[in-house]
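Letters A, B, C, D, E and F name the chains as they come in the text, with residue numbers starting at 1 for each one.
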Amino acid sequence: MSTLIIIDQPPYGSWEGREALDMAFSLAAFDQPVTLMFCGAGVNWLRKGQNAGKVGQKSVERNLAAAPIFGVEALLACTEACNRYGLTQTDLLDGVTVTAVGPELTSRYDHVTFAG
Amino acid sequence: MSTLIIIDQPPYGSWEGREALDMAFSLAAFDQPVTLMFCGAGVNWLRKGQNAGKVGQKSVERNLAAAPIFGVEALLACTEACNRYGLTQTDLLDGVTVTAVGPELTSRYDHVTFAG
Amino acid sequence: MPDRTLHILNKPPEHYRHHLCLEAIGPEDGLVFIENGVLAVVQLPTSAPDRWYALAPDLEARGLIGQIGEDRVISFDDMVELTATAGKVISW
Amino acid sequence: MPDRTLHILNKPPEHYRHHLCLEAIGPEDGLVFIENGVLAVVQLPTSAPDRWYALAPDLEARGLIGQIGEDRVISFDDMVELTATAGKVISW
Amino acid sequence: MINRLIEQTETPARAGVFTLVITGAPYSSQAPQTALHFASAAVAAGKKIDRVFLYGDGVHLASSLAAPPSDETDLARSWSEFLLANQIPAVACIASALRRGLVNEAESKRYQLPAANLREPFEIAGLGEWVDSVASDSRILYFHRGS
Amino acid sequence: MINRLIEQTETPARAGVFTLVITGAPYSSQAPQTALHFASAAVAAGKKIDRVFLYGDGVHLASSLAAPPSDETDLARSWSEFLLANQIPAVACIASALRRGLVNEAESKRYQLPAANLREPFEIAGLGEWVDSVASDSRILYFHRGS
């Protein structure tokens, strides 16, 4: 069962993105294949240079950088959303693949979900 | 202090619209002038023929019909949203005035708010 | 015939995920509007697939039960069958 | 000079209320982007008024602090002053 | 109606067992209500629900302290009764629950909190319960908030 | 910076007193965190906060049972400490609170609930407290959820 978890909520405004990460890391910990896809305002999780201490939270850059090590198969980002938010490959965290949303993408996974 | 309370959440999906009504009725009960404005998907609160018993809730038609009696000064609905949701004056509850959103509207009130 | 995906959409047309769902639907997929997703039936998007349905209690709650053909209106019993038999289900 | 309204916008550009806020802003009004409202600064809408600002800690959290001029960046202290002195405040 | 729909669809092996994941809270979403209607219809149709998993804001459904007005549906109570009557296990994710102030007696003691507020028969457990459903043949359905 | 901003604005009579209304819950929104930063800055600038009012999902901020991970901000505790240190009254709307499972000892007894979970110094009261702020000269600021 391969799983795609989609994050479309922007960073630090709610816990939904973090709870999606927890889901991904849990699947990976049990050797279940999992990929994370960032869509809409969610692509802003992937911008380099976040400093969330200023809003009383922890930045997620380090967690996302560790995703491949923990067994998350891929970090994907929606092409259209990256364009809209002015994110080029150099602005994005390392290891992110930019791709389009569509039936071809979701059909590659047995199980597609959101954290909330 | 005249108050405008804006409802832009669609009906029955959350309690936000009801809690906005509670705010309006509370102001009216203390003789504070208050107007309700429905925007975006919120205009669907104003459609005739709602039967919310089927989703385990109470319809709000009766509450909204009673609004003028309880002292709510006006029920307004956004022109653009009514068009988008196919709501003509005959589809709307009695006593609703359709009007455009803009700085002219909000400038008429001392206090403009949402329930959430 | 490839595995068919059933999409369950509970968000109003203004919501970003409503838009995202419609982008991800293939022409052979099924689509069920529930909760405030049913508000889409007043002006159905061109990207909706042929097989789309809306949940009766949510239509009734919002005064929309008469606005679409009876063959589009489904019950919770129907929804259980659709979700049990689809190749895959995505809840948006 | 008529009473100036200060608009506080905490929602990302995809959110319906972000759109609604921009419709309701007059050219003489002020606008403060906070929380995920600050994401608007990467592509500022043409309907934004002349006087717009974004909250520093929210820009920093999202890696956007360098993307706009320093004169647009405000602190919570500034926000307190702006809200205290505006003719009216609307939190979207 | 049902026959027409089934004709158009396939029937995978896993058709019989559901896991329901609820991420929307009562009052801020319709999710718990929709999920309960769905669950009742599934049980009536002879389907098995192997587990209900509350995640994120969905954990608020497991509160023992909700006291809605008497003319409104008491969703926490309705869900509890349904789970007990059908012997369906229900789990609130521990990380979501602790952050949001939902604790059983054990967690209340562990964190030296003044009380516990988890309603029977809900239990507290980790995401492993959800992973277990993903890895199995269960059909997982999610009930998110709608706005 | 501040001088530049003030030059551009007017100064109404009511400038000195704030009421803060929080409608977004911790974890599902940034509202309680933003409101606390704002409140601290307001107090530091010599402004008076006459009342904090929790409405809708915002009532979850008043829970005494939240136990977030030790490396995350404990917002309920931070808010409590701030309110006590500055002697600011804080009220959770009774209707919102009862629906969402937030009760003090009195309401717990009245509704025969198994416990109480309202954190000090939060109190439970009606919308009249909010109406009072609207009718007064207070500047009311709302902190809603952002998505």
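One rule holds in what follows: a residue touches a chain if its C-beta (ideal position, glycine included) is under 8 Å from a C-beta of that chain, and two chains touch if they have at least 3 such contacts.
Everything numeric in this text was worked out from a predicted model, so none of it was measured.
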Given chain C and chain E, the chains that contact each of them: A, B
Homomeric contact chain E-chain F: same or different residue positions, threshold half: same
Far-end chain from chain F, centres as C-alpha averages: C
Chain pair showing more contacts of the two, B-E and A-E: A-E
Distance-maximising chain from chain A - centres being C-alpha averages: B
Geometric centre distance via CA averages, chain D-chain A, whole Å: 27
Chain D and chain E, separation of their C-alpha mean positions in angstrom: 39
Interchain centroid distance [CA atoms averaged], chain A/chain F, Å: 32
Where chain C touches two or more other chains, by residue: 3, 10, 12, 14-16, 35-36, 57, 91-92
Sites on chain B at which at least two other chains make contact: 10, 12-13, 15-16, 40-41, 55, 57, 111, 113-114
Per-residue multi-chain contacts in chain E, two or more chains: 27-28, 30, 34, 37, 56-57, 72, 95, 99, 140, 142, 144-147
Parts of chain F lying in touch with chain B, wherever the complex brings them together: 23-24, 55-58, 95-96, 99, 126-128, 130-131, 134-135, 140, 142, 144-145
Residues of chain A that touch chain D when the two form their complex: 10-13, 40-41, 44, 47-52, 54-55, 57, 59, 84-86
Contacting residues of chain D [partner chain B, same complex]: 2-3, 5, 16-17, 20, 23-26, 29, 88, 90-92
Residue numbers on chain E that touch chain B, as the complex places them: 27-30, 33-34, 37, 71-73, 145-147
Residue ranges of chain B touching chain D (in the complex, touch as defined): 6, 8, 39-41, 101-103, 105-107, 110-114
